[in-house]
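Next come two complexes, and both contain chain A; in the first it sits with chain B, in the second with chain C.
Here is the complex of A and B:
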């Protein structure tokens, strides 16, 4: 544990920590471009210069390259160090274009910040600048090589961290070029991280190009709903349109990055076809009318078909708040079935694995990254949960052995293929992790878990809140909707963000749906309530390991201003909500229905054993609920 | 398409290497000798031989200044422009050669015989200024003897 002094502040850090990180730990910022917490050092940019006053090394040193040692006395404010940094920045800016006003990175550009902070305000160089020809890197990433300051972050991420082989650095000296052999879409499923990691505007998000400046963004800490991993994101919106998503650091989960599938998934939120108005038999109506109609038809269905004829159906993509209210709704409607899964298949591949996740058993993405032996068994992480494949690669880079049971699974690292699970030497491993999705051989898995106490399990569930849905389904003896209708008694359905296929709804006279997507169920419904998408509400998901994570509201719901007919925008009629602003969080609609049915008005969905989740901070690592 | 014989030879060169990348320069030089320069096709072929992606071969190819990713003449004249040769008159030598050949640095003579390129240190500082003509290093090159060296190479 070396002890050193930085700018007169005594600091003690762990072995191997660099002077730059030691300074950061006491809130002394040192400018840096090439150094990145997830990628380490490269010593390429020379901008983190500090002066070593006393200790084993003296004089100007690169703080990112220097491990902290006992007796070091460091000055970040020494005139020599300050001058060095200012000169390096001026030199990095020589070839950088003066295009900040038209650059998408402007306002969120590390180079811009450090140039100003470093004191290089006026350019002295008036010679010709080095220029490059840009490449078309596909529909997601915009390339602008002239802005490059050669920090090598992009290539270190793309090739070393993510295992991509189609993007790299070419040339040498003043001619280095970061790009592809030939123009074309980047192949890596993690390519969007180039946007986040580039300290300036070489790689920007093409899908949000020229749309907004950083200070105009609506943004909030959120969680990706794309799969069950629950990677942390910061979605960015402006004028009621979800523009882009940025990875948000959570060391227990996704570390610094997210996958492209999660990042470039704005379409559904902005979809012009998205249902935004309450409907009664296909006719637009107000929320109150729809609520009245719903209560009437619930009563009518019960009267006609008797108690137990209504099924309440939630889903594994429904937020925990709404999922928690379903049992109350089921009780008040004397429903015949409370379902958290539409199909028997989904229920079948979720519940048995959920039950294996006993306390301390589930593996986070961090556990995977720190594992020394990983077994991928009956699932394809690159397809089902890409970030887990990236975590596996980090374990492999740190020396872990990666086993796949059976052929046909490709991962961004070397793998050892074995025929059977027994063939993996789990007993020799220190922190083994088994990764699994479909549950066709749960018995063998249970036996293996029983034999190896230290084996952790990472389950790839179908959706963002599968864990929460499973927990509630088991507690409230829920059945799948498919099973519920097999008796033939179900004559009414209240579907809450559930994806019930049309064929399961045949012969059911009454269907009500709450959703923010245009689904088959919504199309089949006689009564419809629009709900908010995850970015339009505060909510909660429980990820694959049982980690409860809060996401905050990024934007108000409403039809994006972009694409509106200028003849009708702005609307020249008085209204209190923006056009398309009717959607409400599903749990609030459910609370109104519950109140209408004679229940208590619910203002706080977290009660009883869930009460501890009330104040959960969206910016913490989340809390593990794994006490079954 | 490279001939099967060359392909087999290069395959055995790659398999003899501890890591594939180690054989990359040899493979690129062999393909360059075959095609005259490292064509796009050759980059893809080298990638296949080495088990790398074309981009990864391109990274190496563009790093080394004696791997030519553009067509060059039969012989390339490299004129050192690093510090020792520069101090000993390398700059005037380059412009003299440019005049002799009637081309600017970076260009190829119209008959396709010579390409003139400045290059970094040839490791021959003791004999500065140094020039490499084809595969031959020449030291203490002067404005006076340069024409003779070019003629010797032309008639080779």
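Here is the complex of A and C:
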């Protein structure tokens, strides 16, 4: 634990921590472009210069390159260090275009900030600027090479961190060029991270181009609903339109990055066809009318077909809050079935694996990154959960051996293919992780887990809250909807963000649906309530490892202004809510239904053993829950 | 005068293998393999006091001693023949005349450090030298002087000739290793130093051609003898000085280290060209601050040259006469470095073109006093670049500001280059 002094402040840091990070730890910001916590040091930009006054090294040094050591005395305010940093900015600004007003990075640009902060205000270079030809890198990433300050972050991420091969650096001296050998869409499934890590506007999000400035953004910490990994994001919205998503750091989960599938997934939220109004038999109505109609038809169904004729169906993409209210609803409707899975197939490939995740057994993305032996068994991480493939690559970069059982699985690292699971030398590994997608469990897997106590398991479940749904299904003896209807007694369904195929609803006279997506179930429903998408509400998911993560509300629900008919916008009539602003979080609709059915008014879904999740901070690492 | 590296030279052609052997070649190798331990070879090189001939002047024996002794896994020797410093051509002259001393020296070095595979990283343009080396390697291998079980000693070692793709930065040892590994020729961060973690992560020694070629003579004739071939007691050995510019007889000479600049120019160089008078010179290649007539008596050895404010560098002396515009000469040099920057770090990639632009303004008559301030600032702050390229590039600029500020001011005042009229 080296102790050093930075600007008269005593600092103690862990071994191997750089002077730059040591300064950061006591809130002394040192500018940096090429250094990045996930990519490490490069020493290329030279903007983190400080003066070492005492200690093993002296003089002007790059703080990102120096591990903190005992006895160091560091000055960040030394005049020569300040001049060096200003000079670096001046050098970078020699060729950087003055196009901030039309640059998407403007307002969230590190170069802009440091130029202002660094004190380079008067241009001394009066020659021509260097210019480049940009490339078309596909529909997601905008390329503007003239803005490049050659920090090499992009190529270090793309090639080293993510294992991409179709993007790199070419040329030398003042002509270095970061791009592809030929124009074309970036091949890496992690290419969107170039937008996040570029400290200036070379790579910007093409899908959100020219839409908003940083200070206009509606932002909040959120969680990606794309798969069961629960990667942390910061979605960005403006005027009720979800513009883009930015990766948010969580060292236990996704570290600094997210995959392209999670990032470029705005379409469904902004979809003009998205159902946004309550419907009774296809007719638009108010929330209250719809609620009354729902209560009436629940009573009618019970009256007609007896108790036990209604099924309550949730799903593994439904937030934990709503999922927690389903048992109460089931009780009040004297329902015949409480279901968390629509099909027997989904239930069959989720629950058995869930049951293997006993305390301490499940592996986080961090566990995968830090593992020394990884077994990919009967799944394709690049398809099922791309960020896990990236985590596997990091383990491999740190020296782990990666085994795949059976052929045909491609990963962004070298793999050793074995025929059978027991061919993997698990006993020799210190902290091995086995990765399996939701599927049946061969005996071999169970045996292997039994034999190797230290083997952790990462299960790639189908959806964001599969873990939560499984937990509740087991606790409340839930069955799959498919199994529930096999008796023929189910005559009414209340589907809460469930994807029930049309064929399972045949012959069921009463269907009510709550959802924010236009699904087959919604189309079949007589009564429909629009719910909010994850970015429009505060909510909770439990990820694949049992990590409970809170996401906060980014934006109000409503038709994006961009999608509005010019006849409607700007508005000519006074209204209190935005058009299309009816969606509510599913749990609030359920609470109203429960109250209508004579139950207690629920203002807080987390009660009893769940109570400790009430104040969960969206910006923490999340909490592991396997004892509830 | 006694010659070491040039003693086998034949007029207008390369020495043959048979000639080299008959004139005492490979005797050092036989001596070492038969009766000296690797440590003894290393000690002899250390005792000889030979300092690296590639520019930095680091003691060769000391460099070898940094390689950890009892480390398993491969270790490497690289001969740096990427001679791209403007004004420096000694390695080419040497290898075109005699590739065998280098081969013998490399085997001895491999023996001393415990290297199985070594490389000669050679500049792309040096086709004749590469041809000579390949021929010499084949001949030596056929005679059992290279390859498996050399001279029945049980020691084996190979040499590969790698022709560089050609960039100045490849002469920087860590960039060279990156290039050899097939990566971009960007320098690596130090530490770790190559002797600990170099080529493919193994301990690596990178030596200049001339340093290695001297090793056989140190072994054959003794460290003390080698040391005493120098002109001063402080210096050690002979040095190849390659002189160019406005002297009567520009050529590469092997001279005792410590001879004064004046002795070199007036002696083997035959003085200045008729009608020319000495104005300045680069004492050790293009990255060294200028010497002027005031430095006529400076002994051309590492420490005295450094003390006089410059560097002995590679020993590439470029002489300028009274008609040379020092601003234009400096501009020409910095243009080379700006072009040869690898593009890795900001000061070098962006700072050098700024210096070029500033010098252009001065030279074209558009200069102002502010430009001098810009140059001074760059001389100082380009020292904080990633590797030694940018600080080296500022060597001549430093010399220009130190010795020829009047000339810059004249450009600025008259709005013209005084030497062009």
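In this section, the second predicted complex is superposed on the first by the 625 of 628 C-alpha atoms of A that agree within 3 Å, B and C clash if a C-alpha of one lies under 4 Å from a C-alpha of the other, contacts with A are read in each partner's own complex, and residues count from 1 in each chain.
Simple rule for what comes next: a residue touches a chain if its C-beta (ideal position, glycine included) is under 8 Å from a C-beta of that chain, and two chains touch if they have at least 3 such contacts.
Since the structure is predicted, the reported quantities are computational estimates derived from the model, not experimental observations.
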When the two structures are overlaid on chain A, which partner does A:541 contact: first (chain B), second (chain C), both, or neither? neither
For A:165, decide between first (touching chain B), second (touching chain C), both and neither. first
Scan A:150 for contacts with chain B and chain C and give back first, second, both or neither. second
Of the two partner chains, chain B (first) and chain C (second), which one does A:91 touch, if any: first, second, both, or neither? second
Now for A:83: first (chain B), second (chain C), both, or neither, which partner does it touch? second
Under the stated touch criterion, which partner chain does A:180 make contact with: chain B (first), chain C (second), both, or neither? first
Name the contact category of A:46: first (chain B only), second (chain C only), both, or neither. second
Once the shared chain is lined up, is A:60 touching chain B (first), chain C (second), both, or neither of them? second
Going by the contact rule stated at the top, is it chain B or chain C that touches a larger number of residues on chain A? C
Take the contacts of chain A with chain B and those with chain C, and give the residues found in both. 169, 171-172
Inside the complex, what are the residues of chain A that reach chain B? 165-172, 177, 180-182
Given the complex, residues on chain C that touch chain A span 167, 169, 184, 189, 338-347, 349-351, 353-354, 357, 370, 374, 377, 381, 384-386
Residues of chain A defined as touching chain C within the complex: 41, 43-47, 49, 60, 62, 65, 83-84, 87-88, 91-92, 94-95, 124-125, 127, 149-150, 152, 169, 171-176
Where on chain B does chain A make contact in their complex? 43, 52-56, 58-59, 62-63, 65
